[in-house]
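Everything below concerns the one structure shown next.
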Amino acid sequence: MITNPTRRRATVKLLAPLVALGLVAAACGSDSDDDSSSTDAPTDSSAPAGSDVPTTEMEMMDGPTIRLRGQDFSESVTIAEVYGQFLHAKGYDVEVLTPAGFRTEAIDSIQNGDVDLIIDYIGGSLTALVPDAPTSADPDEIAALIGPAYADIGATLLNYSSAVDGDAFVVRGDSEATTISDVAGLDYVFGGSAACFEREQCFIGYTDPDLYNITFADTVTLEFGPLLGEALSAEEVDAVQWNTTAPQIAENGFKVLEDDLGLHPAQNIAPIINTEVLDAYGAQLGADLDELSALITTADLLAWNTETDIELRESDAVATEWLEASGLI
Amino acid sequence: MQHSFPDPESQINASRAAIRLSGVTKEFRGSAEAAVADLSLDIEEGSIVALLGPSGCGKTTTLRMINRLIEPTSGTIEINGTNVADIPAQELRRGIGYVIQQVGLFPHRSIASNIGTVPKMLGWNKKRIAERVEELTSLVGLDHDLLSRYPDELSGGQQQRVGVARALAADPPVLLMDEPFGAVDPIVRARLQDQLLELQSEVRKTIVLVTHDVDEALRVADQIALLNVGGVLEQLAAPDDLMRTPANDFVRTFVGEDRWLRRLHLNLVSSLPHHTGPILPIAATFGEAREVLAAEGVSWLGITEDDVFLGWVQASALDAVEAAGGSLADLERQLPAAQVEPTSTLRSAMELIMVSNTSAAVINEGGKFGGVVTLEGIRRGLAGDTS
Amino acid sequence: MSGAALLGEARNPIIRWEWVYEEWDQIREALLEHLELTMLAMALGLVVSTILAAIALRFRWTMTPITATTSLIYTLPSVAMFALLAPVFGNLSRVTAVLPLAAYTLLILVTNIVAGFQSVPQSVRDAADGMGLSPARRVWSVELPLAMPFIMTGIRIATVSTVGLVTVAAIIGQGGLGRLIFNGLRRAFWTPMTVGALLSIILALMLDALILWIGLLLSPWQRRKKAAA
Amino acid sequence: MPDSARPLPGQVAVPRDIGFVDWFFDVGTWTDKGGILDSLWETVLLCSIVTIVAVIVSVPIAAALAHFGKAEVSTTWLVSISRAVPTFAIAALLVPWSLRRGWGFEPWPIFIALLLLALVPIYLNTYTAISQVPDGTVDAARALGHSETSILTKVEFALGASVVLSGIRVAAIQVVATEPIRAFLGGDGLGRYVRDGFGQNNDTLVIGGMILIGGLAALTGLIFVLLERIVLPPGVRRLARQQGDRTR
């Protein structure tokens, strides 16, 4: 994971006397973006992506620090590292923040200016920003809907990547079902995150009489992540709402059922950037980001996830390795 | 607050102070009866006045009004003619020594630092404070090794002495003592009382002492102010007068009928003022012997040699021996019949004197002659007459 | 059972030392951040609880409402506290992490400060007044030192609990060692979780010992008593 | 939402923009299957069992050690450790462990994590209670011919009962306040409102959950205060007030 230079500076500030009431102010100021005096030069290639100090041979781009943050699951963390390290290598002033929260928090932070760059899944963005819009498997349609929605909160949606991490209705390998419709008669116990249960594209869609019309025997609310696989393996649940690039699916011999009624939206990844920051750097930044997005594939996502979640390697190292292998840094 | 209060220019004379309470009344909120009602009292400078009385008689309240820990509801308190209300409270207090029953030493400060509290506040320099602390340590009879200790490491008696030393640190003319010896056992208390008297003979402070212990009041006070519940002054008198001529039934009951008897059991020979009596060394002349006999008004003499008591001789035998050209050593001596230790009670001393045919007992202080005890001496000791 | 990250599997033991070595930077960062958050929360908590304790000591009737309020805060689930404050103060702001952490220290600190000052014997206060110490001087040079052992005990307990609570702040992207724990949780990877949990305990014990030591330095009369006992 | 899609036990589908009052004071919110009453019962049941087991385990050990004056130092350190242990991490480590043994999400992982949390305050207070009974009292009991067991139960325990009880109170409150993590680990209980509120970005649920949990914790404290009134003889209660509560 990325070391965060602002954190280090804040620590130094703190160790100076904890002058009682000034503390809160100092704490607030620690994420200011004007401070580039850090002298922690990166020493090995795996660590320093978050550093805002360029190595000597690179030319520094002129503009504000770009703060980006992944959501609290491995794939998002790795994606953030890939974009962060890529931009850093291009000479941008980048800071990769500690991952936190999920989509809600990501969109909140880009709206209130805590974060300048997020990489989200377009179908997810659609649900969050335009909940009443019809879902679609066509990424262009979705992009056309969420682009203006992001513009309304001062952000710009850049080109989406061909890499897709879609919603997956996952069952154990021995299940008789091959499509989601097949589950209707199976009396399954369903596991999903709290968010799933209020979403049209998830639990509500599965149980909707006008759509899949599944009656589940029971439901379990599970935090998104490896626990879904554990629960499925342990037969605590018979089906879970997961994502297509979860490496545990293949690893455990689970299968993803076909979305035969087309409930799941397109879930290509796409960078969303604070418009002011984008403008500050001019067209070059957008072009650079588009260049990277175009190169990432669904297979890459799956490979990264296998590295982080099965091989248990750190996201920053996985990102560096991929960028090097792709000749990007 | 850097007034060095007990300066000569100060409102209170540096060495002497008389205290006058005029019509002092204190009513506490929420209490129907006054704690102190219209109390007037004159306290002579350099004297010890005991405020004596049952609990609830307002004696502590009275004391605390003198250094303004409590403000009177009405009436005035003057020290050397200055109304204490006109002196800033903290400045006033720094000029008045204050000793309380629980001592109230600061547990987190060494003994030396405790004693030096007020001088430090008055801005004395370190050297002067250290000297003063040393001086006081000797004055109250404390071991100098204790100075670096903490209060918890001292015995109750030692702590009380520190309390007195601390109160005396800035040499205040007035000392207020609130049951100063209430928390220590009777033997230590008696010793501390003696020490207070000894100390007083050196420092001559105006001391106001609160006690509920009649014996203590009788023993140490020049004047006793006997208070009744509600802060009513029943009698102000010297200890002897209080016992001989109680003003009313309350005083009589409070002081007690068997006061004398109890005090005989309570007090030790060592508590009596040192009295040598008609005693002469063996080498003395007949002229000296006659002088002593005349001065003491007795008909017998004690003879000592090298601080050892040899025996009694009859005055009537003097002329014959002198005529025969002998010395005091040639007189016929009677061995001492009555011998007491300094730790004997007055009652046993009195008993011995009664049953022996002398009118005095010899004090045997570890094999040496330590003076004599006479009936008159015991009477005077009990009456608190220390002269 | 094949596949994902099994406990005890060679790839995923309770602790994998190469990871600790390779990710030392991350661990150090987390540890420093943990320390920083703990100290900020304690400092803020101390300031607030000193004020509350002063109010409670001055106006006795406020003691009950103050205790009731701080007790209630103490029982609120920390996860929810962090999450609720995040939209108010922003996800990145230290305030979002420090405010709840400081709030949780109040009960312990206020209780101990009040107990400390109440433990000062009336006779000592009386003697101080009788010798003419001004009220401010009495509080500062007599009552405070005597209350110190209680206050230091409160600081110890509060610090140790805060160290434990800081980990929860990881849900808003802060939380020091909690970040390691969440890193592990994301992937069912035991090493970061173990390292995070263990370091949090070790940090707590070290701070505990440190404060104990400072407390003894500040109250030599206690030390002497302890040695004598 | 059509009737057939009525939420099953396990999730709360609450309109995102519902006001707190509308939600909290709706009868269905409380009485529906999987509603507040069900969640409350789940929480109360687990917390009670954890506290009772913690008492059964802690009290005898602490009492025995204190009676024989052992373990002073280890007791102090135990407190520090227990306070710094991230309960959430422990529980999270235990869930996959339990699942792989076929023991399911519940009750073991959350039970063990909460038990670890509850043991220490009870152990500590019992230890303190017994060891602060004056030696003189114990000697007197011995002189009167009490056996060691009878001294422990009839004298030391009776005198320290208030302190022991307040240790149990602290433990119970902490358990109630911590139990909500269960909702993040495949379970339900009152924590579900906080969890669902997070997941669904619904502050009404988060605040509602906090109020319910805080309220239950406060109620727990209150129950112990009443219990103390009923169980303890007035003399012991007075004694306890003098000694002060050592739990904090």
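When the chains are written out, they are named A, B, C and D in that same order, and each has its own residue count from 1.
Definition applied: contacts are C-beta pairs under 8 Å (C-beta built on N, C-alpha and C of every residue); 3 or more make two chains touch, one makes a residue touch a chain.
Quick caveat, the model's predicted, so the values are computed rather than measured.
Engineer: What does the chain connectivity look like after leaving out subunit C?
Structural biologist: Once subunit C drops out of the picture, we get A, D | B.
Engineer: Point out which chain occupies the most central position, where each centre is the mean of Cα atoms.
Structural biologist: C
Engineer: So using the touch definition from the top, which pair is joined by more C-beta contacts, C-D or A-D?
Structural biologist: C-D
Engineer: Using mean CA coordinates as chain centres, what's the subunit C-subunit D distance in Å?
Structural biologist: Chain centres of subunit C and subunit D, defined by C-alpha means, are spaced 21 Å apart.
Engineer: Subunit B to subunit D: how many Å between their CA centres?
Structural biologist: Chain centres of subunit B and subunit D, defined by C-alpha means, are spaced 63 Å apart.
Engineer: Quick one: report the Å distance separating subunit A from subunit B, using the average Cα coordinate of each chain.
Structural biologist: The answer is 89 Å.
Engineer: Can you compute the centre-to-centre distance for subunit A and subunit D, using the mean CA position of each chain? Integer Å is fine.
Structural biologist: 37
Engineer: Multi-chain contacts only, two chains or more: what residues does subunit B have there?
Structural biologist: none
Engineer: Could you tell me which residues belong to subunit A and also touch two or more other chains?
Structural biologist: Expected reply: 226-227, 230, 233.
Engineer: When you check subunit C against every other chain, which residues touch at least two of them?
Structural biologist: 1, 185, 188, in rising order.
Engineer: Give the pairs of chains that touch; include all such pairs.
Structural biologist: A-C, A-D, B-C, C-D
Engineer: Name, in rising order, each residue of subunit B that touches subunit C in their complex.
Structural biologist: Those in contact with subunit C are residues 1, 67, 69, 89-96, 98, 100-109, 117-118, 121, 150-153, 163, 166-167, 176.
Engineer: Which stretch or stretches of subunit D touch subunit A in the complex?
Structural biologist: 1-2, 4-5, 7-14, 16, 95-96, 99-100, 102, 104-105, 183-186, 188, 192, 195-196, 198-201
Engineer: If we count contacts the way the header does, which residues on subunit D are in touch with subunit C in the complex?
Structural biologist: Contacts found on subunit D: 77, 79-81, 83-86, 88-90, 92-93, 96-97, 100, 173, 176-178, 180-181, 184, 191, 194, 197-198, 203, 206-207, 209-210, 213-214, 217-218, 221, 244, 248.
Engineer: For the complex, which residues does subunit A have touching subunit C?
Structural biologist: 1, 3-4, 7-8, 10-11, 14, 18, 20-21, 23-24, 27-28, 30-31, 47, 69, 72-74, 77, 97-101, 105, 108-109, 112, 114-115, 225-227, 229-230, 233, 248, 251-253, 308-312, 314
Engineer: Using the touch rule from the top, collect the residues of subunit C that touch subunit D in their complex.
Structural biologist: 1, 6-7, 71-72, 74-77, 79-81, 83-84, 107-108, 111-112, 115, 154, 157, 160-161, 163-164, 167-168, 178, 181, 185, 188, 190, 193, 196-197, 200-201, 203-205, 208
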